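Each of the two complexes below includes chain A, the first together with chain B, the second together with chain C.
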Partner chain A sequence: MKCTFVPSVCSYCGTGCGLLFETIDGRINSTIPMKTHPVSQGKLCIKGWNLHEHINSPMRLKQPMVKTFGRFINASWEEAIQITADRFKEIIVEHGPDSVGVLVSAKMSNEENYLAQKLARAVFGTNNVDHCARL
Partner chain B sequence: MKKKVKKWLEDGSVDVFLGYKMVHGHPLPHCFTLEDVAEVDELIVSEARYSLEKIATHLTRQDPKIKIGLLARDCNQRAINILSVWHQLDLEKIKTLNVNCCPSNLKAHPDCSYMTVETPGAYKQQVGIDNTIDTETADAFSKEAKTIRWMYEFQKCIKCYGCRNICPVCFCTECSLEHKDLIGPGNLPPQVPIFHLVRAAHMAGRCIDCGLCEDACPMDIPLRLLYRKVNRIVKDVFDYDTGESSEQSPFSLIGDSVKLTLKPM
Partner chain C sequence: MTNSIHGIEKSNCIFVIGSNTTANHPLISRRIMRAKEKGARLIVADPRGIQLSRFADVAIRHRLGSDTALLNGMMHIIIENGWQSSAYIRERTEGYEEFAASVKMATPEFTADATGVDVEDLYQMARLYGTSKAASLLYAMGITQHTTGVDNVKSCCNLAMLCGNVGIPGGGVNPLRGQNNVQGACDMGGLPNVFTGYQPVADEKMREKFSKAWNCTLSNIPGQTITDMIPAILDGKLKALYVIGENPKLSDPDWNHLNRALKELKFLVVQDLFLSETAQVADVVFAASSLAEKEGTFTNTERRCMKFEQAVEPLANTLPDWKILSQLSTAMGYPMHYANPSEIFDELAALTPSYGGMSYARLGLDGLQWPCPDAAHPGTVYMHKESFSRGKGKFHAISYQPPAEKPDETYPYFLTTGRMFAHFHTGTMTRTSPHLDIEQRDGYVEINPEDAAALQVKEGDMLTIISRRGELDVPARLTSVVNPGTLFLPIHFGESAANILTSSEAFDPLAKIPEYKVSAVNVYKSKPPPERV
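Now for the complex of A and B:
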């Protein structure tokens, strides 16, 4: 049996609390606050304490879904991206670039967030960019 | 210490050994195995405490046959005792390597993060309960002052369930603190003081006074003091030494008979 403790940072908000993921045989079993972390000093809120739950949740989406005729239908990534791009194009041509906005997430990395705002500003041509951690 | 752990892993008296290792400058719990026996050279005794026995119960749940060795301070020892008394760990499958912690007559030097407590601010001392006082001082307040001071502490609660999640002796699969008739879901602060008193009642005859709950509390509620008081009552009324006794606490309600017997006067 292999048990590991992987240090990580909570992805729920901008505070950046330190935590450990306890994994048993490669499966995340629980979240433990990191005692010596300079930000959180061994304390977590309820969201941080349950961070491991969404990873193994049966509700978790593992592939994109496209809403067709009011129902969500599984799609491939290429298909989903193509549909999104086409719809964005349509909306921007019809209502102008400020009719769309980008809301990025703390669940992504800093670099991915940077790329998302770049997409919004350089490709869509809008300043409507916000982040879920800026509550 | 390292030699002993290596020997244990090599002769198969333990399958895994739970200790601490320095990772990126942080002392983190680590699971040493025979495959990576060279890692044992990095084994340290960390001042920051993690509940290694709780991890041991997780491992045991996955594989009941696993033999686990772990670094144990006095509080870990008491927790292991409670967990074995309540059939969560099998003492025959647990090997402990005792390390120094709290100061005593034999060991003057404390080796635990809890020993360096922060003094609470002036406001908390005025209207709340100082985390560092003992149960006698806390009992000395008048009835009204006690209610106001404890309620001040309880209403700070952000319901993170950290006290329960980190507790080494909290192993129930169904928790009263999540029962919707007892603790209404979605309310903040949670039903005070019911939330804390339910937990305190459940800590009677269970709490081994390790202080991890207070360490993990983001709002600095003096939980350790509260559970100490509860266990003082258990000691005074039922003559039960929590963590030291090899029997289940008098609050064991499962079985043929309930053995709530009072301490002889």
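Now for the complex of A and C:
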């Protein structure tokens, strides 16, 4: 049996409490508070203590899907990405870059948000980028 | 936050307005309690009787949407009694005269009338805040989600500057941000008008810098906010939408309006952990890996950029968001080949002055607080120490504007929306967690026992709530947490979606934030379903 404790940051509210994911044989077993963390000082709230549960949820999506005739069909990443790229290209050619919008996420990492707005601005060619900060 | 979370403990007086801190930021409310143990005074202003109110030296329930009136009233009393910090105002600020003249009108009697707050309570609030050495102001969406959201925030800043509380330890204007990386998403240019680090897209020099780094041409037209995108879809201007890790079907105002808009889209892509309400109507769904299945950084509400590590392999055939984005970009003809998130971080740090001194190696377990402009900079614990970003702090003369909707004969109740302790936002994460789901399974509406008695409603009876936008059935919860004439609806529950009732037309003209905190509604006991024969 292999057990690890991996440092992470709670992904619920904006406080940013430090925590450790306890993994046993490659599966997350629990969330525990990080004693030395400058924000949370070894404490967590009810949501933080249960952070691993949404990760282990059986309702998680497991592969990309493409809607065909009103129903979702499982697709490979190559297919899903290619279909998406082609559709965006078509729409941009037909209606211009500002006919496309990107909603980035307050749940993604900084690196991913950076890439998402780079994709919108450099690749799509639009500044239609926003996220749920207002909501 | 201009200051830090641990800095709250150094405060002599904490003023919480429009934040249900114990429910929504529990580990920040812990710091408030610690400060109280050390002798700090606590003022709580919230239209509901929240948990924190019970520990407050002064707790008031002001009328929904009357925040500017309340803050102006406090400042009036502070100036009348000479509690303002004259040296600070002289040396660090401008526009004081005009502002002071505007506050003169906000007499205690006028304020009491606009806010419903007792004059004596108002005086005590002003005295505690105005005479404390270092006072910290904390707010959340109770301040911002109004048609006067920007005015409300400016009023908070006026109050803090008036008493010399910006740029000192234990002071500050401290918005508590709702999502774990909403600060980071803003810092990273996830906004229609700015690149990373709030560098405007309309500024030619900035465009030049980014277009050189990215090797492409860039549009100089600021884009549309989420609030503008919906009407743009209905006007046929916006044809395709790429939604990442969001559930606008539940979080955006006026559900019926939005649903019509989503149907008009030619192409909708949703990237998420779950098949959210929005993902269900998408054309393509990208299955993303979770937090524990990748590495990266988040920036919290006190500007602290922190590293998280990969704990397990991605679930099934999911991919981390950065890989999906890179692959899509490559397929669109703009190759992105990053070996790991650390490479992306180095690229963004080089383009973002406030992150300039950060790297994975430096972040460690504690992270760094921006601004951190160079590799030797220790990060910034509290901001505006010697001067403000613009030089002098500007006072804004602000007059009280009532909310867009007020109760009338047809819609005699106030409705406000918010959150509860066990759930998060639209519930996609918390409602799939057994230990959180069990705390609260279904939606509910809070109603004062007096109103309930008048409607002959018992705990758990179904109520029908009607606004100008739509109607919704939801079980009643009888509680004096809400005042008579006011209803409170949590936003987490898709089956009783609060945003069926809210307005997409009432939003702040500048910030484009919808007025989720105030709607006018009517309510009655639902008719029982017809019995089966």
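For the reader, a short list of remarks on this structure follows.
The rule is short, and it goes like this: the second predicted complex is superposed on the first by the 113 of 135 C-alpha atoms of A that agree within 3 Å, B and C clash if a C-alpha of one lies under 4 Å from a C-alpha of the other, contacts with A are read in each partner's own complex, and residues count from 1 in each chain.
Everything below uses one rule, namely that a contact is a pair of C-beta atoms (placed from the backbone, for glycine too) under 8 Å apart; a residue touches a chain by one contact, two chains touch by 3 or more.
Keep in mind that this is a model prediction, so the values were computed, not measured.
In the superposition on chain A, A:Leu44 contacts both chain B and chain C. With both structures placed on the common chain, the touch criterion links A:Asp98 to chain C but leaves chain B unconnected. Using the contact criterion defined above for the overlaid structures, shared-chain residue A:Gly70 touches neither chain B nor chain C, since it reaches no partner. More residues of chain A lie in contact with C than with the other chain of the pair chain B and chain C. Of the two partner chains placed around the shared chain by superposition, chain C is the only one that A:Asp130 touches, whereas chain B remains out of contact.
By the touch criterion defined above, A:Asn29 reaches chain B but does not reach chain C.
Contact with both chain B and chain C is seen for A:Thr4 once the two complexes are overlaid on the shared chain. Put simply, chain A uses residues 4, 7, 18, 34, 36-37, 43-46, 48-49 to touch chain B in one complex and chain C in the other. Looking at the complex, you find that chain A touches chain B at residues 1-5, 7, 18, 20, 22, 24-25, 29-30, 32-37, 42-46, 48-49. For chain A in complex with chain C, the residues that touch the partner chain are 4, 6-18, 21, 23, 26-28, 34, 36-40, 43-55, 57, 59-67, 72, 77, 80-85, 87-89, 91, 94-95, 97-135. Listing the residues of chain B that touch chain A in their complex gives 15-16, 18, 23-24, 26-31, 33, 48-50, 55, 58-59, 62-63, 66, 113, 158-162, 165-166, 215-218.
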